[in-house]
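Both of the next two complexes hold chain A, though its partner changes from chain B to chain C.
Up next, the complex of A and B:
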């Protein structure tokens, strides 16, 4: 391609960053300006369409994470081309529409940014050749969808809908990632172009079934298949341009794209056929039925989109030339008419203030352009000749008639199409005909930005099947070739003769009209079954979410008690358990045999420390505890003296003196407090403390005999004099070799000094309690002044090392 | 001697932990100090004990005699002692302040905190 695919994808992200600023600069017209990028991309893609149609495939690759086999490799074939054109073409119209729909909205710039970010992600998704790259873009579309659904983030409904969509699609995304990795493992490559050639090998691979199931979960969640369909109607909380773009024309097709893309590698087996057709068929029927039970324009369209996605899944599950042809045609047809109808729904909402079909009537006179676009799109959706929707429906009927279990599948398809035809009349025709009724806002024709999109999409749907110059046949053939893995040629024609499919089309139309006329009856019927909805998948989602929150709350209450000692206990028990288990299984405890060289004063010193330690623990008064602590400190300093560490000993003596003084200063004036723990708690703590002590003893005994690395001290011993010009190596290490450590230490000291100073200088504000205030005044006189000097010796201490 | 010190270190840790688990801020700080002693001795012992020369190069030599004590562990402990003291000083003053404000040594009495 003239413009690299990577560049095309990145341009969306770059413009997304610039969009808010641009929107501020060009008040009002930013949508038109921003639409130039997707329009340019669409033209660039379209200019290559003839080459693609004649069987060429473009690919490019840049190394990204070569160690993991992940490259920025992209591939443009018929299927990618079809979707790229939809993404960029519809994207341009949507940007224009959004500018009109949210004109003057303070956060319009952000909406532009999210939309462009989504466009870049979606382009990446359909162009990626590397499956991990595909996954990255897949998740990016989920995230942009989350941001767009929650665009109106001050409403709780929008937030929860956004979260629901994210949790469902990202949960499926996790399954997809696992499935793709398994597929890569089985196929020995992460490149789609390699994987797709190994169908037979993959089918017999033991990882085939697990990877198929996981990938299908990913595709079904993204494309709102039963039982994951519930997030799509909720996602209608998004502003209408978003619904039209993401939740109808493009993003929800990502799952369909994945199925189509992988069908040469994974399709053609019984497991594929059964799971994909069943889920697709159920979704198709359920979506069509639920569409009729709604009265909100957007929700009707959302459920009919669910149904259409089900149809696409069903067709891809059937496989074979006819079904794939039908799927490709239907994919395009649906994007055109459903995108147009969504835009019409948004325009109606914007111009009249209502989206309720029961409150909109006779609007043709007020909004003729919108009405015309809506009518054409609705007729296309209902499958009326000569519109594109008729062609694609005809193809699906033919595919259904030749499928295994043809009777069932055809019956389901006809039923769903009858219901959808009625839904099409309700959305696209009903609001514009009949007697005009007053609407919340007086109805007026929309500005060009609000009708351009629906008019373009609707008229494309009208002419695409009839006008060969648009190259529809070639493009659909190339897409079909990519999906089937073998060359097919699709030729759309309006007249196939008096076939069974034509008869079914007639049945559909008549049925649609009948259902449309009796829709009130159906709605009443449906409302009687409404209570069934509380057992549906949306309820499962709520229950799972509640359970998750409960679990999180429970474990937080259990682990996050807010008491220091319980935190300590958890940490200690875990450490003793893990480290102790490792030491017990892997460590070699050497039995101490060599007691020679032990002097009587060594033993005396250790006994002294032991006694002083016990004294610290058991002391009845604070002063006794402090005194015992001092004895421990001085005796430890003596240990340093005995074993060739005079510097350490000197520091320890100094510090210990300061410690004792500091303790006395702070605690001398405080009254004794009673022991608060019960004897049971004390016993428990003693056990924990004893196990920690035993572990540490064992640890030291093992550490003294194990030497994994040669000691680095030899380096200091050798280089101390020649390099650092010092004979006291401890000093040399502190000020020279590890000088930065010492700087850090001084910083800690300074920070602590500042902290101490601040705490001493800080004046406590006026207190509420009188009792504690009295106690405080008694303290303040003696302690506050006396404790001031402690900052000074501390500062001197910085010089010691 | 290493065995004897290992037992001592164990006792210091146990005593430190026991004190830290008490419902008293004063004992918490005491425990901290004992724990610090235990940790310093642990580094000291793990580095290998020797009664020989301190790690100072004699005036007539250019390198440290082989039998000298390990200078690195000593440097580490020196740093640890000083940092331990600064933490202690801060903890003590903080306690002082807490006591002034709440009038109690009991951490459970503190109304403001992460509970």
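Up next, the complex of A and C:
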């Protein structure tokens, strides 16, 4: 490609960083400006489409972690091309739409940033050839989806929906990672292009079944398949442009993409066929039924998306030329009409103040452009000729008719399509016809930014239906070739003759109209079954979350006493037990024999340390104990001075000084007279302290004579000056030889510092403390975790350790 | 604490201690010192100041929020490691250059010093983030 694929992906992330600033500079028009990048990318991709259509595949690779076999390798074939065009093309429209939809919103810049970050991640996902790279982008899309669903973060519903989506998809992501690694192990490569060529070998490999199950869990959670479908309707808490982009046109297709991508390697077995078609079929029917029971436009669309994803899964499960052709055509068709309808739903909400289908009517006169786009998209969704939706539905009927168990699958497909056709009429036609009713906001036609997207998408659906040869054939063929692993050519046409599929289409249409007319009856019927929802997967999710919180609470109560002295005791006793036992069984004590190097001041220092230690233990007041402890510290620093470690000594002096200051400051806030421990407790502590002391002494004595490996200090001494330009070895090790460790350490130091700061500033029991506790409990999905000790880190305030 | 001697002495000690801390930072590569001990001396200087004049004045003298120093230090340390990329070396490889200073002779300058400056800032930031709120209480 002229523009490297890596560059294309990274450009999304770079622009994401710049977007908020740009939004501040160009008030209002930033969406149009930002859309230029995805538009440019789309054009760049499209310019390569003819080459892809004629069977070419582009690939590029940059080393990343060569030692682990992980490369930044990308591959552009028909399937990636199809999705890349969707991602960038729809992305451009969404950025424009978002600018109009949230005009004047204080955090619009942030929304742009998240959307662009998502676009980059999604592009990476569909272009990646390395499976670990694919996984990284997979998780990045989950994270951007989390940020986008929770965009309106001040509403509890948005936060808990965001968390739900993240937990479900990232939980599936973990399974996916395990599955991909197993697959990589079985196939001996992390590159998809290599793995896809060894289907027969993989099918007979013992790791095939485990990796299949894990990968399917990943794909099903991401693409909202039953029983993981519940997060998608909840995700409608996101602003509408987000729902249209992520939760209809692109991100939820990631699971479908993965199934399609891996089907040459994993597909074609009974296990694949049974699990994928069953899950897909159930999801298709369930989603279509639930769509009809809703009255909120976005929720109707969300459930119908669930149903469409089920259809795609079903088709990929069936496999074979016809089903894959149908899947590819439906993938494109669905993105076009569903994206358009979502944008229409958002526009209606924005212009009238309501998304309730029962409160919207007769809007054609007020909003003719939106109405036209909605009508075309709805007819495409209902599968009416000559729109693209008709072509893809026709193909899927043909695939169903030739599938194993054709009667069942065809019946399920027709049922689902009837329900979806009715849903299409409800969303795309119902609000615009009939008598105009007053809406919360007086209805007016939307500004161009709010109708451009739906008009473009809807008309594309019409154009591609009327002239299927308009480039789509070639691209769909290339995509089908990528999915099947063998060359296919797809020729879409409106007229196939008087086939059974055409008859089924007619049945679907008539059925759809009947269901649409009797929708009131159906909704009443459904409301009677509503109580069944309590036992559905959404409830399982709640229960699992509740159980996890309970488990965390229980084990915290069990293990975390909150008393520093007990933690210390556990650590010390465990050390003495484990290390002491090893020493007693394997070690041999070394008696120091050579005392000649000893000076009188060494002895004096030891005596000083011992006396100060006694003073610390026996002190009656805290201040005295701290002062005595300080003497111990300074004396140890003197030991370092005597034995030629000025750096360590200096640091020890400084730390000792600051420690004393800290202790004094903290003790200032404690009660005047400390409650002294009982003599029994003191005796126990003395025993522990003494054993630790004995153990450490034994270690030091042994360490002077035991040498398992040649010491590394010689290497440092040799290379310090020539390679690292430094004579102070301690410092050279810290900032150069072991610089990465130091970077990690200062990061930990920073985190610890911020943690202490937060604890110091936390006022438990006052207003702020309770408010933050309530916020945490909402974050846990509405589960009340106030009983957790963690929720109250300062509950031992005033305790004397 | 209201002691004239302490206040007057501290006014002189603060700049001296800060100079000393920078001295420690700069000499660290060849002589005892370095970012960690330098940072501790720098933090001690401000702690002393807070004893003499109280926390609000110390914050004013510091000029920035100590939490900001933590972030800045981490960024400086990370950035010094990234510089190696510009000469095609792996992350955190030391990059050295020479500078001729009239009157002083040749100066060896490298990214490890920048890294150490990051450590210096983090140490000051963390220490003061913990101690200043305690002094305020």
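In the analysis below, the second predicted complex is superposed on the first by the 565 of 801 C-alpha atoms of A that agree within 3 Å, B and C clash if a C-alpha of one lies under 4 Å from a C-alpha of the other, contacts with A are read in each partner's own complex, and residues count from 1 in each chain.
Assume a residue touches a chain if its C-beta (ideal position, glycine included) is under 8 Å from a C-beta of that chain, and two chains touch if they have at least 3 such contacts.
Here the structure is a predicted model, which is why all the values come from computation and not from measurement.
Trainee: Between chain B and chain C, whom does A:655 touch in the aligned arrangement: first, second, both, or neither?
Mentor: Touch status of A:655: both partners.
Trainee: If we overlay the two complexes on their shared chain A, which of chain B and chain C does A:646 touch? Say first, second, both or neither.
Mentor: both
Trainee: Once chain A of both complexes is superposed, is A:742 in touch with chain B (first), chain C (second), both, or neither?
Mentor: both
Trainee: For A:727, decide between first (touching chain B), second (touching chain C), both and neither.
Mentor: A:727: touches chain B and chain C.
Trainee: Touch check for A:690: first (chain B), second (chain C), both, or neither?
Mentor: Touch partner of A:690: chain B, not chain C.
Trainee: In the overlaid three-chain picture, which partner chain does A:761 touch, first (chain B) or second (chain C), both, or neither?
Mentor: second
Trainee: Which partner reaches more residues of chain A, chain B or chain C?
Mentor: After superposing on chain A, more of chain A is contacted by B.
Trainee: According to the stated criteria, A:606 is in contact with first (chain B), second (chain C), both, or neither; which is it?
Mentor: Touch partner of A:606: chain B, not chain C.
Trainee: Can you list the residues of chain A that meet both chain B and chain C?
Mentor: Comparing the two interfaces on chain A, one with chain B and one with chain C, the shared residues are 646-647, 651, 655, 658, 662, 666, 727-728, 730, 732, 734, 742, 749, 752-753, 756, 760.
Trainee: Mind pulling up the chain A residues that touch chain C in the complex?
Mentor: 646-647, 650-651, 654-655, 657-658, 661-662, 665-666, 668-669, 724-728, 730-732, 734-736, 739-740, 742-743, 746-747, 749-750, 752-754, 756-757, 760-761
Trainee: So in the complex, which bits of chain A are touching chain B?
Mentor: By the definition above, chain A touches chain B via 561-565, 568-569, 572, 592, 595, 597-598, 602-603, 606, 609-610, 613-614, 616-617, 622, 625, 629, 632-633, 636, 639-640, 642-648, 651-652, 655, 658-659, 662-663, 666-667, 670, 673, 675-677, 685-686, 688-690, 692-697, 699-701, 703-704, 711-713, 716-718, 720-722, 727-730, 732-734, 738, 741-742, 745, 748-749, 751-753, 755-756, 759-760, 762, 764, 767, 771-772, 775-776, 779-780, 783, 787, 790, 794, 797, 800-801.
Trainee: Could you pull out which chain C residues touch chain A in their complex?
Mentor: 28-37, 40-41, 43-44, 47, 67, 70-71, 73-74, 77-78, 81, 91-92, 94, 96, 108, 110, 112-113, 115-116, 118-119, 122-123, 125-127, 129-131, 133-135, 137
Trainee: Show which residues of chain B lie in contact with chain A when the two form their complex.
Mentor: Residues in contact with chain A: 1-15, 17-24, 26, 28, 30, 33-34, 37-38, 40-42, 44-46, 48-59, 62-64, 68-72, 74-75, 77-79, 81-90, 92-97, 99-108, 113-115.
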